[in-house]
Each structure stands twice: as structure tokens, then as C-alpha cells.
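The structures come next, written out as C-alpha cells.
In the two assemblies presented below, subunit A is common to both, partnered first by subunit B and then by subunit C.
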Partner chain A sequence: MSYYLGLAQLIGIHTLLGLSAYVLMLTGQLSLGQAGFFAIGAYSAGILTVIFELPILPALLAAAVIAAFFAFIVGFPALRVKGLMLVVATIAFGEFVRLFFFNLSWRVPRGDIEVGPDSTNGFREIRYFVANGWSPWEITTFVWTFVILVMIALWWMDRSRAGAVLRAVGEDELATQSVGVNLTAVKVTAMTAGGFIAGIGGALYAHTATYVDHLTFTVLLATFAVSYPILGGLSSVFGTLVAVIFIQGVLVEGLRFLGDWRNIVFGLLIIIAMNLKPDGLFDARTTRILRRAIGLGGREKSDA
Partner chain B sequence: MLELRGLSKHFGGVKAVDELDITVNEGEIFGLIGPNGSGKSTTINLICGVYQETAGTVRFHEELMNGKPPHQRLRAGIARTFQNIRLFPNLTVWQNLWVAQNSPQDIATQGFLSRWFGATRRTRKEIATLLELADLEHKSDELASNLAFGEQRRLEFARAAAARPKLLLLDEPAAGMNRQEIQDLSRRIRRMRDSGVTILLVEHVMELVMGVAEQIAVLNFGQKIASGTPGDVQRNKAVQEAYLGTSDSDAPSLDTGA
Partner chain C sequence: MSITKLIAMALAILVSTFFALAHPVVAADRTVKIAAWGAKSGPLRSFGVNSEAVLKGAVKSINDSGGVKLGDGTMAKMEFTYYDSACNADQAISVARKVESQTGALIGIGPTCSGAAAAMYGIFQKKVGDKSDTGLQFPILTDTAIRPGLAKKSQWTFRNVPNEITMYDALFKWLRSKYPNAKTIYGGTETDQAHSRITFAAVIVQKAKKYGFEWVGGGIEGVTGKIIAGMKNVLNVSKSSNWLLADTNFSVQARAFKRSGADMMIISSHPFTTCGMLKEMRRQRIKPKVLVGLTSSSSAETLKGCSAAAEGIYIPTGFAPITKAAAKVAAAAEANGGAADLHSAAAWENAHIIKQVVEATGVMAKPETLKADRRKVRDGLEKLVKVDGLMGEIGRVQDEGESIKPYVFVQAQKGAWKVVHDPR
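And now, the complex of A and B:
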């Protein structure tokens, strides 16, 4: 049972990671730096519960705000670059964050032992859930509460004018500016929101894993982050969730017997899926058809 | 209301716009014509802040616009359409107009939350009016990319009107239109002007521009070679040479076709 609960937690956390990339992708920005914000969330939340002995909820929210703050700062220079240059710049940011935590040592005595980030040895004592006697069920519920809250918020945002503006920026930046939208504000806000969501994901990850080190937050993780919305498409947040379930639940778990070959199969499947369905598993047309099928009708935003 | 003084834009060695002086008065329809590559679109892009000028000034209602980003100029009252239609193709017609709800009135009368996350009755009514004026009521939920060419032009026109501009810059709105559509367009342009909007019309279709414009300026190689009423311009020697001088077979002739 706990194996499945662990998997459910992982799927929830990766959904948050994917959604943080989803928000940015709506505005046409492909960021391979989401693992960096995830790492900032993870380490910050860990430091807050372990060193400052805060309860999990304030620690998690503060960690998300810290990650959002860094995303806000990164948002301004990121505005100046587009496409492949943005990908490269965000990879550099992610690596910078990873190397920062690789070097970070902040040990404080707690009884007979020392706790806190220990550079290369990682941060090993993020035991808030265990120390407070949370059951795996409770932890899973806690994780999914945030996943569901974020999904509802994004789903609602998507249907609002804000969502239309984000998509407009993704389609044509110049036209969006020309109808009076402040491009800088929109892009930096999307970046900040993405940082916030990745920060929540990171905070949850650190506490479910109880242990993090810099190797958790490599470019591989950032690649996962963008591959979810790429596979799931940008029609709605549910595409990202379905893609996470498919990749983490079916591919990564189901193909475990393949060992390292798994990554190759994973890469191949993404390439095949992207070629077969360039707009993701659920492109706009499929979504419309599904909507009609479940009786939501074809009307989209005019009655929102 | 719009004053361009010594306005220049150089792309490397190309003087796309060169020392241009133009004054557009409030309430008029001002035509800007010239052969291909004479700098008309560049002038529009300078007025609405897409390009940074190499030299010169853009004043709107006496206020210096230099250095202001496009969204601020729009909010000051300058809206535009594009030579190559630029809609949001994967948004619906309704959403295209929704995104464009950025008039000063919208911003002043709506709170942050209702502006970004709601759709007030007033907003919906405004969009409904725009749709009606554009004859697109029945296409409200259609993706913009699914519209016919003429409908896309009308949507782009409506999207610019959504800003409630004081000055509307139209970059070849009649390109690719048949005669009936052109007549329809000239009615729309006049109606727009009658509602108090000043219009700067860049156009190759002489039938349209000679018919609706009160003042015309002619560009050639980025420089103004003539200006005046349609009659003045048509009689102008330099203008006739500029047009006849283009070897382009589909180069516009000054013949209004009438």
C-alpha cells in the first residue's frame, strides 16, 4: 500500500512541477530552470522546519514565496531572451542554484547530532512528518490538497481574461502589446507564479523524501518539468496531470525492469508522441470534442 | 493631434524613414501613400512604439511619445492594425476582443480582480457591440484562425476599436479585398471617424484612399515628396514619377478606378 501512496505523492509533486512549467509555456516561454525553483522550495522549507522548527504549513508557504521571489528576479533578465536562448539561460540558472546547494553547509546542533544542509552530503534530516507521527495517508492527502488547490486556481485562471492574455502573449507578443497589454508585467507575473508553484512542489518533495541533495535537482528534473505540459498539451491543466500519471506511473514505474534503458525509451516515446500529436495528448480539438461528449457544450469563454 | 518632426528610422544603411514631418489634425482621415518599401509601415511602427526612432520626435496631443512602450501609447489613445493581419489565431473571436479590453476607461472603472479575472456585464456588452459592428456576432466562439480573410480583417479592426482609440492607424486594410469589401471598409472607416476617431490610413488601393482621405502625404524612399488634398496629390508631378518609376507590374497606379 505504502508503495502506491508513495507513487501517488510523487505524481502529485511532479504535477506541481509540470504546472509550474505550464504557466510559463502559456506565454510561449520554455524554461529549463524549473528544477532550480523546485530546489529553492525544497531547501527553504527543509531549513524552516528543521533549523527554525516551524510547522509544515507556514514553512511550505514561506518556501513558495521565496521561490517566487527568485523567479520574479530571474523574470526580468529572462524577458530579454527568447526561444533557445531562454532555454540556455534557464539551464544556467538551474545549474547555478544546484551548485549553490552543492556548496551550502549550514549545520546546527540538535541534541547529540547536527542537522541542516551539509553540502555534498545533502540535507538528511527533513523528518517533520515522521517526527509528528503523520501516516502515509495523511501525507498523501496533504500533498494532494495542494495539487488540487493549484489545479483549481490555474483552471479558473485559464478561463478568465488573465488566461486569455497569457495565451495571447504566447501566440503573438507584438500583437498583444499593440492591444495595450504590458508584456513585461505579464511575463514576469507568469514567471513568478511558476516559481511559486515549483516552490510548493519542492517543499512537499523535501518533506516526503526526508532527504535531498543537489543531485536531485539536475537538468533531468527540469526536462521532466517541461515534458509534462509538452506531452499533455496546453489546452488545460488536466493534460499535464495525465502526462505525469503516464510518465511517472506507467513509464518510469512500469519500465523499471529496463534499468538505464528506460531513459532512452522515455526519450523515444516523447519524440514519437510529439510527432504524432504535436499539440500534446489533448490538443484543442480533442478537448472540444471531449467537452461536448461530457455535456459541457462547445461554448468556451463567452459565457465565462 | 499627431505631430511627427524630423522622424527618421535607419536599418543599417537603409533609410526606411528619413526626416519625416507630418501633422495629422483631430477628426480627419489622413492618407499615407507611397510605393512599396517607401517607409509607410515603418512610420506606423514608429508612431506606436514598435520601433525606436533613429532621430526625431513623435508628439500626440502635444505629449512626447518617444521612449514609451507600445502598451502605454495604446492607453494614450493610439491603436493600430497590421499589414499582415496579426490576430491571436488559437483564441476565439470573443477572446481576441476580450484580451484587447485595455482602454483607459476599462482600467479606470474596473478593479484589478474584475479586470483580470471577471467579465463584467459592461465588458460583455462592449464586446457584443464590437462584434455587432464587425458583423461577427455569429462567429463569437469560432477560433480566429477559422475565419475567412475578410472576417479576420474585420476582427482586427474591431480589436483595435476595443481600445477606444483617439487615433487609429490602419496599415493597408484593403489589401486582398474585393470591390464590395472595399466599399464596406470605407463605410466602416467613415463611421469610425464620425464617432470621433482620427484616422491615419496607409493604403495602396487608390480607390479607397482617394475616396475617404481629406489630407494625403506621399512617401518615397522614406521621404515625404508631396502632401495636400487628394486632388493636389494626384496632379503632383513628383508623385506621378514616383509611381510610374516603379517597375513593379502591380505597383499601384494613381488611377482611382472610378
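And now, the complex of A and C:
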């Protein structure tokens, strides 16, 4: 059972990572810097529970705030550029963060060992959950509490004026600006919210994995972060969840039995999925079908 | 009944009795299951392929000789499943959880990468019997991840990997006597790989200093010959010339090597960048008196990738096909599509160590005894003092879960690794 619970934790954490990119993508921006915010969250929360011995909840929230702060700071200069230039700028930011942690060494004695980030050796001993007797069920519940809270918040936002503004910016910046919307404020807010969510995800990741190092937060992770909302579709927050289940649950774990063929089939299935569902696995049509199936019916807003 | 028929019946009974006595009944429904995992995809794929090939041969040899004797005297077959966890912490953790809860495996072997091992070991229970610690309670006997000091993270994790500190100490001592005129050293490492980087800065450079080799240009501040001393200064760009695992161009680094004019040059990296660097050194006609490499490069991959450029490089290794047993493993690995080297050969030893421990601790290999059996295996591994290895006796460091393995020094000569010194 602990395997499935571990998988559920991983899916939850990657959903948060995907949602952090989703928020920004609603404004039409593609950021490959989410792995950087995820890393900031992971290292900050790890430092707070391991070195400062804080309980997990305040450590996690503080880590999310720290990640959000950096997202806010990065948001101003980065969002002055658009499209591919933004992709390059955010990759640069992600690499900057990764290499910062690659060089970070902050060791403090704890009993007969030293703990804390140790440069290339990585950051070990982030064992808050297991050292405090948390069962796999409890850890999974904890992780999914945050996933559900974030999804509810984003779902609610999507149906409020804030969501409409974000999508309007994503659809047509000029038109949105012409009706008095402050583009910079909207984009920086989205970037900050994305940083906050990625920070939560990173903090949870560090504590479930018990170890992080710079190799965890490469461009590959950043690519996964944007792939989830792209593959899942931007019409709903659930698209990201569906994509994470598809990639992490089905492709990565489900195909492990294929051995050497796994990576080939992985790529092939992604291509097939994107061709069959170009607007995402959870596009507007799927949403309509599901709503009808559960008897909600009603009108649906157009696909993003 | 004719005489012929009587003789035939008597012979049949005799033959049946002989086979029944020679081969105790093998329990069809009871097997000693091993789960192994490592990098079978990504840049370090060959490590997983080699480990799997060697393990396949080891399990076959154990089963061919009758299998494993269980606690009640029945003989059980050994079987293994090899999972791809890439060189990735997430995947290593995921596989560890899977084999612990889903497969009924008695013990795990793996993973390949030290980073993945460091992460994975963290999810295991730190101290046996600590009920407040909900970490995994499943024994691991790692074959490949070599970074020093990892196994002591948990009392459930053990390793059978060479001790690089001992090996490089002996290597530089030997090189000192073989090359008395070599005075200066220079080198580099792939800095994003913890094993390469730490072994270079904390071990290799220190041991070279200990035996009188001085870094070019007046040495490095803080480097005293003591492990880790002045490690950060070694990696400073003004001192060593380094690269990354994904690098494909080494012209700048090789130029720095050439400019140094050192008598001895050190390349502390895995086969892929070792070959890149060696080829570039060859292109720039850099010919040091002595060339030293990282243990992980004493493999078939290095010779496949750059045998001409690697000519003359010295590397200490925990495996060479110089004993009958080691030669058998090398042949078995090749037959199974892999190669035996200091990493993968440990998988053979591990399978035999597991057999030894299972037989010594009375494992029952029944579904209802799985938890108790895993504990027995763990306790058995901890109690081991010495085991037979392919190159000789392997000592165990019980409180750290590590091993002390015999080693030799090999040199690349005409496309093959030749043993040039055997301190066993």
C-alpha cells in the first residue's frame, strides 16, 4: 500500500508544480522558471525543519512565502519580455537558482552528525515526516490537503473576475489594456501566485523525498511543469491533475515493466495524446461531457 | 517378469533414489525473491544493463547448483526482477516503495547513482525497532552507488562497494615508487557529479599530496594530504580545470592541462566525459608522464569509447578477471549482454551474500513470514564479518554497513585493462 500512497504523494506534488505554471499560462506566459521556485520552496522548508527545527506547517507556509517573494521580484524584469524571450529568461532564472543551491553549504551539528545543505552532496536528513512517526496515510492526506486547497482556490478564481482578467490578458493583451487593466500588475500577481504554489510543492517534495540536490531541479523538471497544463488543457484546473496522473501514474510508473522500451513508448504516447486531444486531455468538450454525465448540464465557457 | 525387466526396474529405482538424494525437493511455490534497480535509461544506462546482466548470471549459477536452502531444509529457487529507476531520486524512491509493499521481495539491490541512493536511503527506518520512525523496513544491499559514507544513513541499508580512500592511498604510494621523478600534478573533475567531484577533491588530490606529489604552481592552500582538507580550494577555478557530465567540448579544460605542464594528470569523471577529455588531450598532444582516472572509468565503456586516447591511464579497481571466479563472472556478464566491472561485479557477490545470509538465518520464504524474513536478512547482513568475494575476501564494517574489498591497479594497454599491480 505504501507504494500507491507514495505515488499519490508524488502525483499531488507534481500537480502543485503543474498548477504553478497553469496560473501563469492563463495570462499567456510560458515560464520555465517554476523549477526554480520549487527548489526555493524545497530548500527553504528543509532548512526550516532541519536546521531551525520548526514544525512542518509553519515551515511549509514560510517556504511558500519565500518562493512567492522571489517570484514577485523576478516577475518585474522577466515579464517585460514575452514569448520565447520569456522562456529564455526564466530558464536562466531556474539555472541561477539551481547553481546557487549547487554551491550552498550550510552545515550545523545535530547530535553526532552534521545536517543542512551540503553543496553537491545535496541536502539529506529532511526526515520530518518519518522521524515524527507520520504514517504514509497521514503524509498523503497532508499533501492532498494542500493540493485540494490550491485547486479549490484556482477553480474559484477561474470563476471570478480575477480569472476573467487573467484569461483576457492571455487572449489579447492590447484589448485588455485598452479597457484599463494594468498588465504588469496582473502578470506579476500571476507569477507570485505561481511561485507560492510551486513553493508549497517544493516544500512537500523535500519532506516526502527526505533528500534534495541541485540535480532534482533541472530544466527537465521545469519542462514537466509546463507540460502538465499544456497536455491537460487550460480550460480547467482539473486538466493539470489529469495530465499529472497520465504522465507520472501511467507513463512513468505504469510503463516501468517495459524496461528499455519505456522511454520510447513514453514519447510516443505523449505525441498520440497531443494529436488526439490538441486542446488538452481535459478540454472543454470533456468538461461538458462530464458535467452532463453527473447531471450538472448548463452552459460552458469556451475553451482557453 | 523377465530378468531384463527386473534389472531395468532396479536400475530405475536406483537412479531415482540417487537423484532424490542428490537434489533435495525444490519448493515450487517458495522462492527467494530479490528486487534490483538502477539506471537502465539515460546517460548512465550501461551501469544498469551491466548490473542486470551480472545478476542474471549469479542467480542462474545459484539455481543451477540447487538453489537456496530455507529454514526448514527445503531448497528454493532464487529469482530477481530488475527495475529501471534511471539515475533519478524520485524513481529510486518509488521503486523502493513498490518492491517493499507490492512484490514480496526479501531484499533489494541498487540503485546505480549515489544521489539516488542518498535520497532513497532517507525513506528507510533509521534505527531498527524504533517505532516512532515510520521509514521503510526492508534490507538493501547496494552494488553500485559508491560515494563514501552513504550506508550509515539507515540500519537497513548496506553496501558492497569498494573503498576509494584505501584504494587511492595505495595507488599513489605505488606511483611514488614507480615514478620517482614525477613531482607535479594537475587535474579536473565533472563538478555536477558528487562522486567524481568529492573523490577528486577530498580523496585523490589529498592522497597525491600525502605521497609527495605537489599541485603545479606551488600547491593548493589548505590541502594537507588529509581527507577533505582544503577541498573547496581544490575545486576553485583558479586551481583545477573542471567540466560537467553533459559537456561535449573539452578544449578549454585540455588547454589548461597542457599549460600546467604537470608530470601527473588526473581525470576524475565517468566514462562519457573521461573519453571526451582524453580525446581532446590527444588532439592537443598532451602527454603527461602519468595519467590517473576515477574508479568508475575502469570499465568496458571507457575502452569502447576511447581505447587509443586512454592508453596508459592508471585506475584502481575492485574487479578484474584475474581469478577463476572473476573470469567466470566476466564471461557470464558478456553472455547476458553486459560487462563485469567494479560496479556490476558486486551484483554477483551480492546474490551469493544473500544466499549465505538466507541459509544462515533460517529464512522461510513464505508470504506470512515475509516481514520476519526481511528482519532476519538485515540482522544477518549486520552480523557478517567476512565473505568470499570474486577477488578475495571482503571485510564488512558492521556499524556502517560498508565493505572493505580487495583491489588491484589496472592500466589501459592496447585496448584492454591490464593488471599492473596486485596488492592483495
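Note that in this section the second predicted complex is superposed on the first by the 279 of 304 C-alpha atoms of A that agree within 3 Å, B and C clash if a C-alpha of one lies under 4 Å from a C-alpha of the other, contacts with A are read in each partner's own complex, and residues count from 1 in each chain.
Throughout what follows, a contact is a pair of C-beta atoms (placed from the backbone, for glycine too) under 8 Å apart; a residue touches a chain by one contact, two chains touch by 3 or more.
Since the model is a prediction, treat every value here as computed from it, not as a measurement.
Which partner does A:158 reach: the first (subunit B), the second (subunit C), both, or neither?
neither
Between subunit B (first) and subunit C (second), which does A:183 come into contact with in this model arrangement: first, second, both, or neither?
first
A:172 in the overlay: touching subunit B, subunit C, both, or neither? Say first, second, both or neither.
first
Looking only at contacts as defined up top, I'd like to know whether subunit B or subunit C touches more of subunit A.
The partner with more contacted residues on subunit A is C.
Is A:95 in contact with subunit B, with subunit C, with both, or with neither (first, second, both, neither)?
Neither partner.
What is the contact status of A:130 with respect to subunit B (first) and subunit C (second): first, second, both, or neither?
After superposing on A, A:130 lies in contact with subunit C but is clear of subunit B.
Once the shared chain is lined up, is A:7 touching subunit B (first), subunit C (second), both, or neither of them?
second
Can A:256 be said to touch subunit B (first), subunit C (second), both, or neither?
After superposition on chain A, A:256 lies in contact with subunit C alone.
Tell me, which parts of subunit C touch subunit A in their complex?
40-41, 82-84, 89-91, 93-95, 97-98, 100-102, 115, 118-119, 122-123, 125-126, 131-136, 147, 153, 191-194, 197-198
Within the complex, which stretch of subunit B touches subunit A?
48, 50, 69-71, 74-75, 79-80, 82, 86-92, 94-96, 98-103, 115-119, 124, 140-141, 143, 159-160, 162-163
Quick one: which bits of subunit A touch subunit C in the complex? Just the residue numbers, please.
1-4, 6-7, 10, 102, 120-122, 124-127, 129-136, 209-216, 252-253, 256, 259-260, 262-263
Which positions of subunit A touch subunit B when the two form their complex?
Answer in residue numbers: 156-157, 160-162, 164-165, 167-168, 171-172, 174-184, 284, 298-302, 304.
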